[in-house]
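Note that the chains take the letters A, B, C and D in the order they are written out, and that residue 1 is the start of every chain.
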């Protein structure tokens, strides 16, 4: 049985999000179905940031005065709460500016391992080694690995996807071999909505001695994630997709890996000693946080995590599943609408990408926008995946905890309007 | 109504029945342009005779705005000198960046005035410019090639 | 004659900064003299950020709906205003998370040039090439170059400093040679306060064909900076030190350099086309802004720039100079106080670092904190410079536009109290 | 008064007249620790006889808190077994992380109880721990070396 959404009060939740009460395009109600790109922020998050700036703002880990103490406490408390949210230890959480930086951090640390000491040997990659990704990756979990291969001479390989939007695991044994240095895979596709069997993949990758990086940009915001259960080595996600501020993201990794991984960005606060000719580096997580960090944003993200925890991620997930099921059913009933991705809610989150026969996605999106419905159009930073399905572009509705069934109804009405307008109805 | 002012009949007509579509021989230069956010693409060839544009042929995939705009451009530039066509291209660019405030001259831009409404939607401006930018690129190559 | 501060109303300015009205350590007035680490934020900046989140928040450059349009406009308008503030063109401004990332961006782009195409040739660096820095650099403008040298086999060389806190230019001809690929120099020292002759240095570096990177983290917030007059190739600064939010910084560079410089972080929004096996990249500045950016923070930084422009940077500089002159005079009169850095206000900004005979800087800072005066203690991320002056640590008071003469008086009183408390008076 | 509760007389006494200061021979292991934010450093040597700490000698630069804390540590651990001294080290660590809420046992920690006030100032906790951490490190090496 699906988790219950009893007591989940979507109206009360919506009341916390100021932007949802504005109108667009001459007085239309805003129907925000683009949370896959970025989520909206509740008052609680905005208040936490502002309170930090108005009361406690100072550079962290650098000062001895009272404000510096308070700011450092706020920052480290944020780290602890975010770590707890994903079942991790405090010192395993590194703040980055977004998922993209978190993934690049690992990719650059791996190329830096070439000129680092012997303790970094397990991060080294070169000719003959392979990095394995999938065809459903967001560009953020594809291009950094292409670049790592270009820098080091390693080879990029990938899992394909099936017609119905799942990872094609039939060649897993050929892909994951003794040559595999790292498997990078998304936990939830931002286009298909597919939730991948990451724990199983991680076990298979570990069996051949590979490291495993999970792109959790679309999973941590939407479902309960426990890094221990997942069995991954690295996990990356963004604050802005989970009710938090822009400008903050997270790289999680195991303590023993962070302890030997070479630094990426270098500068203040990540050093142990500095001389003109050479430097040594601090212990993690500081080693990976060069410069004055996004303190207020970390504080805001911790408030977002508190908000999500207050609702309960099981219930958030159940709520989105209910919306997704309803959307799949209603969209499926519109003639000429083709859904890209699984057509049921099994192992699936709330990103619903679709094509409308005879109308380009841009034009579908335009009519929806004119009706107050905000969806994403294009390739959603997953261009190879779109090519795989023979689509240059699609429209994507993505749901979050503040959406309700009337939002789905508005989406359906907007698509019908587009079909009429472009004469394909 | 907002949608009608964006999707004027002229645009929808060109979208349904594009003029000059298809890739033709002979040609002096070819350009391939993409819109990185949506994946729309166009491949476009230019044929000059002296300084006159004698053919523009193209193929591609894209939304109504990009398809129609390329079709309208075809009609506007073919038969004009490169200098005249370049002036038109600049006029059109100017209109597209006018944020709905432009007052296009129909005697100059002809069917392209229908795109005035597009300029209110910044995300669609790139669609309307896709073909024009490919034309500019291909023409510059053709001119350079002819000179070289 | 120094620019006039007539009409500069510091009380009115202070009223804009909520945090300056709080108390610390059981009711002491907060005397914030740590703006060199991070500045406080006026209401106007906090309001701009909040207004963005409550009205316009969306992912920029990715959507076609009304919020996405508004968010993109806000972001690009922020870029334009920030560019204008430093006399640059819009498309020459790249948003980063801080100065540190901006400098690392250039350092990594230079090592990426090794495996990039021929257009990137001028960024390449290898054995036999030299990177030149100075002994007064912040770790953020030193360690990334040490690391670049480690990755590429290039050699790091540096300008020393004179006894009175100036760059020692006497060996310039030996340091800047045909082997120099890049000169990286700070415009204003965060320890000494020294303002370096950057335009002159840039001209000399250019004469031998080197690129010039200017660390403007301590200059753009405090004095009028015009990138054209400066003649540099790269300029880096942080929003948080100039009234802006944390989590946003800027890399400026010339259009023609950005056009051929290889990318650094890769992922969404910085690509032109992506296939599974290879990608091409967008034009600058997008090429250097991978992932969903710190949009709200860019908007906040633009509001900060508006605030600074409203006051006038000439007047901000004159105000700080007046404070610095007064502080140098009063501190110089305390027995046993030694100032590290120039003792007059010629080519000097408002960072005043000092030692107190017989009391460790930590202990000085502690007594000051206990008196409500927030200063920085330690090596201020300039460890080699401290070693140069035989100090393991110093205390640093740094002034900004909201400080006044009574703040300097409080500093002096606090130092006297420390001397009494530790029995060295 | 806040300052007096931080800088107790015992601390200032040890700061002015540190006990056991200087680097001495013979020793079994040496550790060098730094505080990366302020540049304070200590070089510390440990001499064991069986499982008894017979000498701790040190040199370094640092603030009153780090200097005094190392001096107090010297008095506490010299003459104790490694096991006893390690327990003291843990007790002290615990006190330092107590945020002013710790109730240290003077019979156990002796002069080190004077540092209770330091635990209210997180930025100074690292100062108070500098010498202790170096001791822990050097002792671990000495024990490992003796066993090997």
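Everything that follows uses one rule, which is that a contact is a pair of C-beta atoms (placed from the backbone, for glycine too) under 8 Å apart; a residue touches a chain by one contact, two chains touch by 3 or more.
Because the structure is predicted, anything quoted here is derived from the model rather than measured.
Judged by contacting C-beta pairs, the busier of the interfaces B-C and C-D is C-D. Note: centroid distance chain A to chain D, computed from Cα atoms, is 45 Å. The distance from the centre of chain C to the centre of chain D, each centre being the mean of the chain's C-alpha atoms, comes to 38 Å. Chain centres here are Cα means. That of chain A falls 31 Å from that of chain C. For chain B, the set of residues touching two or more other chains reads 37, 121, 124.
Shared contact sites, meaning residues of chain C that touch two or more other chains, fall at 25, 62-64, 68, 271, 273, 362, 366, 377-378, 383.
In terms of inter-chain touching, the protein chains here follow a pattern that is not a line, ring, star or complete graph.
Two chains count as a pair here when they touch; such pairs are A-B, A-C, A-D, B-C, C-D.
Contacts from chain D toward chain A in the complex involve residues 34, 36-37, 121-124. Touching chain B in their complex are the following residues of chain A: 25-26, 360-363, 366-367, 370, 377-379, 383, 386, 392-393, 421-422.
If you check the complex, the residues on chain B that touch chain A are 2-3, 6-7, 12, 37-41, 61-65, 121, 124, 127. Note for the complex: chain A touches chain D at residues 61-64, 68-69, 72-73, 271-273, 282.
By the touch criterion given at the top, residues 18-19, 22, 24-25, 30, 32, 34, 37-38, 40-41, 46, 49-50, 53-59, 62-68, 97-101, 103-104, 108, 112, 114-115, 135, 138-144, 146-147, 150-151, 156, 158, 238, 240, 245-248, 263, 265-269, 271, 273-279, 290-297, 362, 365-366, 368-369, 373-378, 381, 383-384, 387 of chain C touch chain A in their complex.
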